[in-house]
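In this document, chain identifiers A, B, C and D correspond to the written order of the chains, with residue numbering beginning at 1 in each.
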Amino acid sequence: MTPIVLAVTECLCLAIAAPAVVGYVRWLKARLQGRRGADFLQPYRDLRKTFAKGMIIADTTSWIFHLTPCVVVASTVAAAALVPVISASQPGDQLGDLFALMALLILGTIFLALGGLDPGTAFGGMGSSREMTVAALTEPTLAIAILSLALTAGSTSLGTITNTLLTTPANAIGPGHALALAAFLIAMLAETGRLPVDNPATHLELTMIHEAMILEYSGPYLALLEWAAALKLTLLLTLASNLFVPWGIATSLSAGALALGLAAVLAKLALLATLLAVLETRVAKLRLFRVPELLAVSFTLALLAATSSFFTR
Amino acid sequence: MDSVLVIALLAPPMFAAAVAILVRRAPVGAVWFDAVTMPVSACAAAAIALRLAAGGAPVVVGNAWRLDALSALLALLVSVVATLAAWLGPGLERRGGVPSTEIRQYRIYANLFASTMLMAVSTSNLGVMWVAIEATTVTSALLIPLRRTKPAFDASWKYLLIGSVGIALAFAGTVLAFVDYATTGGDLELALNWTTLRTAAPSLHPEVAQLAFVFLLVGFGTKAGLAPTHTWLPDAHSEAPAQLSAVMSGVLLAVALYAVARWKAIIDLAIGPAFTDTLLLVVGIATVIVGSASLLSQTYYKRMLAYSSIEHMGLACVGLALGPLGVFAALLHLTGHALAKSAAFLISGRVYARYRSGEIEAVSGLLETAPATGVLFATTVFALAGLPPFSLFLSEILIVQAAWRAGHPAVTGLVLVLILLAFASLVTHLQRMLFGEAGRDVPRGERPSVPLGLLALPVALLAWIGVTLPAPLRMLLTYAAEVVRP
Amino acid sequence: MSEAALATALTACAAGAVLAMVWPSGAGARRLSLASACAGCSAALVAAITVLQGSLSWTWRSEALLQPLGGVSLRVDPLGAFFLLIVAVTGAPASLYALGYLRHLDGQVRGRAVHALFNVFLAGMCVVPLADNVATFLFAWEVMALSSYLLVVSDPEQEGAAAAGLWYAVMTHAGFLALLAAFVLLGQGGPLEFPAMRAGAATLPPASQGVVVLLLLAAFGSKAGLVPLHVWLPRAHPAAPSHVSALMSGAMVKLGVYGTIRVLFDLMPPLSPWWGGAVLALGVATALTGVLYSVAEPHLKRVLAYSTVENIGLIFVGLGFALLMRAYGNGVLAAMGLVVALLHTLNHAVFKTLLFLAAGAVIHGARTSSLEGLGGLIKRMPHTAVLCLVGVLALAAVPPLNGFTSEWLTFQLLVAGARYTEPALAIVLPLALAAVALVAGLAAVSAVRLFGIAFLALPRTDSARDAHEAPAIMRAAMLLPAAGCIVLGLIPTLAVAQLTAVVSDLGLPMGQLDTGFALVLPLVGSQLWPIAIAALLGAGAVVAAAVAQTSRGPVRTDTTWNCGRIAQSPRQEYTAAAFAEPLKRVFTGFYRPTHEVSLDVHPVSPYFVRGITLRADFAPWMEQTLYTPLIRAARWVSGQAGRLQTGSIHLYLAFLPGALLVLLLIARWIR
Amino acid sequence: MDALFSRLTMTGASAMLLLALVVMWRRHVPAYVTAFRTQSVVLAFVGAIVAWMGEVPELFLVAAIILGLKGWIVPRILAGMEARRPDDRGLRPLVNTEMSLLISGGLAVAAYELSRPLTEVVSLPTRSGLPIALALILVSLFIVVSRRQVIAQIVGFLMLENGVALLALLGAYGVPLVVELGVFLDVLLGVLVMQALVPGMEKTSAG
């Protein structure tokens, strides 16, 4: 019973923390760019405000338009349920593994794209097309990164990967692990629509990807989508930290271990978010047609990681 | 009993020809006589075939006539196809519009043609067999220009001259074999008798036997449409009236190949099968190559069918060279081809009657204008392409199998590729005819009629043979194959 | 029990074929023959399930039929039964569907012919997996090929039907001949019976073993649509009536897979690893080719046809993997590879049937088959849209639908392979994994494009605007495979449990794979519990919907905002071509797009442009490089042969002494 | 006796071959018919000699038929055809005279080579004529191939028949009578049919 309670708690934690992560990144970026910036709680205020607003539904849409936010939220939450956050032993492994997580994220992406196409606007279609392209091209990178983890851990199950790394830390030393992490991080940037693939703060429709798809959404639906996007970012960051650098995560269910785990994950999230903010300040957005080059780089890194894990096996 | 059978087999077409010659005023009567007598011949052939299939002794009348299983098979094919042609020949349609002189001419020569073919397969004397086959050329050549057009006369001339010269070479071969036999000191009067020759065959001289077989192969091969002396065939078959093309393509070629097979059996006894097998293989493959390669570039549907005949004769020739299984397959192939090709030619006559053009391009939307004819035509073409459930499917597989078992992997591969090429060409042309927009002046629709039912008969027969291969026919083929390749 | 069921199935199909031709009224003929087909499929289903449940096998021989080739011989074993099941689950909805779909053909002979051929086609497909000798196999194989060819050309008014039929006929006949050659080789001169071949295959010399495998791959690959033999598939599927396309894609193409398994895993001993690698590589190439074209293709049914090519590729990845593992003696992984391939075969059969039927409903309702002409159908054909969405999601391989489970297993397979085999091989597998992942991603793009462009937004043409919902019977027919997609997605162990019986019957012992509702792979320590994921997703969606409903703000419907642009019109919509444009740019080397822009300018000045026409297409380079030379060669040969036939009687006559001379020389030479 | 027999048949055979060669260098169609007529007479003569010296009485009948059919009826038919058709003396043969004669010489050599096994096997006194008969067959074949005139082709074909008949006479004192009679019937019918066909070709080509 306890593990399930813990899992639900973990999921809720992620869900609640998600806007804060986004807020932190935004704040840090503002500081780095020499602006004051709103504090990291600003996204919560935005969400509250948007939730309370009325909705305008485009008259060209169908029930897909209404279904999309629900499915996007559901798939992201389901994906979050698979991620170990505080504790390494977790019931999410019963449900599925990394590939299942990947597929759940794709489910969300598909519905986002359908939601973008539903109103029949040019921008929506454009966003959908680009989002799907980027998502498709990211898949091989993610798959190979998962493979290189699985080769050392002997499993694609998230709990097992974390535990194996904790018990044999030597696995983390060597080129394979670092390369896989780098590949995973690049793929993550593409998946979550961050710079240099997509600019989350853009106001130019022609360069939008994620924002273009949700142009027609307003009110609670918009809030759900924004929140799901934040959750996706947070869960992928958590995933990166707990899969590649699991130290600190609770291996027992004692209160102390759990507290330590919580602290560790918060620290790691903060570190990654900082890195993200720095990166987003340093780089410019790539042209859409150069995104495949970036993904090719990441793919090569992942492949090198996988091969090097053969050599170190 | 035997003499009754032979008379019942040979006399009806002669009678019918005589009646057609004598009855000048009312050709319809002669036509009906023909339609009634030809089946008698077919029944006699069937009776003979059944007896032989049951393992009975050959039908022998004196020294002149002798029908063993091989002869019975060919006699059956000839009489069945001739019956079909007689029923569907000019003169029986209610609104024929065919001049009575034409009808009369057709009935005279078609019956003479049929009787010469029947004679060729039922004589016991290989010399007489030659005479009869030469006579088939003469009797059929006059029928080709029935409509009196210049291309038909030209085609007929080519057929007659090439056929005669070729067959004269076969005579030279016969004489060579005869001379060789004479040196062994046997009875000269019965020298060319099958049984005598077979008994004496082991003492023939190898080199002379080989020389004779080369002449025989080229000679009879010319009539059988084997490359490269097949050249008369496409012209003659495409210019002849459909009923004649049906008989020529369906059984005349088979009869010529029958002659080759007969002589092969003799020569094999003298020098072993390796020699004749090699020659037949070379000629057969060349023929299949020519036949299937030419198919693609044809623009007239009757020429297409003619080249398909060449291809199938080549396959049968290859089969004859591939040992007992191959001979069985070749004979089965000839059987299937006789039915399918005669049906296809007869149907092509209906197509021509509707479109007034022999060009593939000119015939389009056949399925729309004449659905039943179109379906029947497509069925026969599929049968010719070797698709199930028709019997050519079986025989082609058997030929391939036999080629492999006989240790000819290259032949196996080549035959397969050529079958594919032929298939592709046939389907290409067939589709062009079946689909598309038909011209405005082409009459549309057709009601069920007797000729359609008759045309469905060989198709049904083909499917029946293809699926079950009835035991009597199987035994007949087996015994016939044993005659060629014991 | 299963014998009787099978006899019933074949009798029903035969009766259906006859009834279609002879029943006096057209409508009655349709109803009776299709009901008969449906009954036949149900009986076949019963037979297949009985055999799979009991792992029985029985044989039936008849010497009377096809006697010269060794008679007819049937044998049911679990593998055959599984493919019989696939035929049945595809055939039943297809025949139900046709009841409504072909109503307009009632008055025509063509309608009767289509129904009769449909029954023959079904019967042929039922017999193929049961054949136990070459004669039966080839006969049923060709009956299936011929009837499906005739169905492809059954609607000559369909644009390109004749050309499609020709491609199909020639490719399939080439396959048949290759098959014949392979069987003759495999028979080694003995009887062409499967048991004899099984016993004798071990003695086959390596060289001819290689030739046999090559021929078999060509033969079954041409039926299954392996690259580069897939060219007929995207041509024939759109030309055929939709229920036939469903049957072709769902079942017939799978019999190519069946043949490969039957011969390579059952009849032949383990092959050299190279063959496994080659099959794997072919599978990857096929999957990539298929999915890339499926993403870019504008024609609705061609999108689906290419997607079939893609999925066949994925199935062959599994098969190639199993072959490899069998070569290395790793029975468990080989069994797993086979199970995955078979499971995907079933899954694809179910969802592709659904999609083709839905495509038929769309073409039926909207009278256009190009994605560029569709749009907004979700409002006009609401039920079809829901059913199609199920199929599309299965196609995109997302949980909790059936496409996902087999995709997930394919990933696991390749990971396990990379982990448990020797390095030389293991280094290749990640590439395969990456390719499969890319294929999965691109399949999702294709799925979104298919559904989004056809069903969402505004109708792009008048005919799409006037589209009407499919008749109830068609919708009911689509409901069956849709339910199948969901059930197989939620409880994959239902199918996997049967498959373990199939593979262990092939001599490949299978580790424990099925435990209750979750797929557990002890080998890689992963597990998948689709029903729980579905529950989680459902709960999440319900909660999200509830949250959205609780907000107090007013909800109103208004003109689409579109960043402030007014008068939303279909012309502003993203097109199918535009949707695929980014990928076309990324994979330029593969697509080799051709662009042709023509400007219509005002006579006064070239700067006053009145209209711009853009024609974009892909260079069909596979056809150009492989088939164009072949066609040209055939034409050349034909032309050369034509030179014999000049019409000059002197040349003709000259062949006589020529032939005499050549044969005399040959005679002298071989003496 | 045998020597004389051999000489006489040999002379006859050679004469027949020479008459075939006449067709090679004459361009005048009536000359072809004359050559054929003469050749047939010589053949009948050879037949008679074989009948007499080989003591095969029924060959007298054959010789008589040859004389009547090929020496009289068929040439008359041919002459009739020639009289009815337009003059085609201008038609040059496909192969010119010198080349034709050279090729004929080559064919004769080939015939000697081909008939070697035959002459080794046959023990009759007439066997030395066998190569000539074979040469006649080949040369006639060449005539059919290389001449343009319809009548020349028919003559070539008939000479080919003569060659085969000669082969049979010299090799085995003739084939069985029934076959022989059948062959005559075929020749007659064949020529008649050819005669019937030729006007059709000519008329329609002119019109």
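Basically, a contact is a pair of C-beta atoms (placed from the backbone, for glycine too) under 8 Å apart; a residue touches a chain by one contact, two chains touch by 3 or more.
Bear in mind the structure is a predicted one, so any value in this text is a computation, not a measurement.
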Chains touching both subunit A and subunit B, listed by label: C
Chain closest to the middle, measuring from C-alpha centroids that were averaged per chain: C
Subunit A-subunit D separation of Cα centroids, rounded to whole Å: 101
Gap in Å, rounded to a whole number, between the CA centres of subunit D and subunit C: 69
Inter-centroid spacing, subunit C versus subunit B (mean Cα positions, whole Å): 43
Euclidean distance of C-alpha centroids - subunit B vs subunit D, Å: 31
Sequence positions of subunit A contacting 2 or more other chains: none
Two or more partner chains touched - positions in subunit C: 653, 656, 660, 664
Contacts with 2+ other chains: residues of subunit B: 157, 161, 165, 169, 207, 211
Contacting chain pairs - touch in the sense defined above: A-C, B-C, B-D, C-D
Subunit C-facing residues of subunit D, complex: 94, 114, 138, 141-142, 144-146, 148, 153
Subunit D partner contacts - residues on subunit C that touch it in the complex: 650, 653-654, 656-657, 660, 664
Subunit C to subunit B touching residues, read off their complex: 64-69, 109, 135, 138-139, 142-143, 146, 153, 156, 161-162, 165-166, 169-170, 173-174, 177-178, 180-181, 184-185, 187, 189, 192, 634-635, 637-642, 644-645, 649, 651-653, 655-656, 658-660, 663-664, 666-667, 670-671
Subunit B residues touching subunit C - in the complex, by the definition given at the top: 157-158, 161-162, 165-166, 169, 207, 210-211, 213-215, 217-218, 221-222, 227-229, 231-232, 234, 274-275, 278-279, 282-283, 289-290, 293-297, 328-329, 332, 367, 371, 382, 385, 387-389, 393-394, 397-398, 400-401, 404-405, 412-413, 416-417, 419-421, 423-425, 427-428, 431-432, 434-436, 467-469, 474
Of subunit B, residues touching subunit D in the complex: 125, 127-128, 130-132, 134-135, 137-138, 141-142, 145, 148-150, 153-154, 156-157, 160-161, 164-165, 168-169, 171-172, 174-176, 178-183, 188-192, 205, 207-208, 211
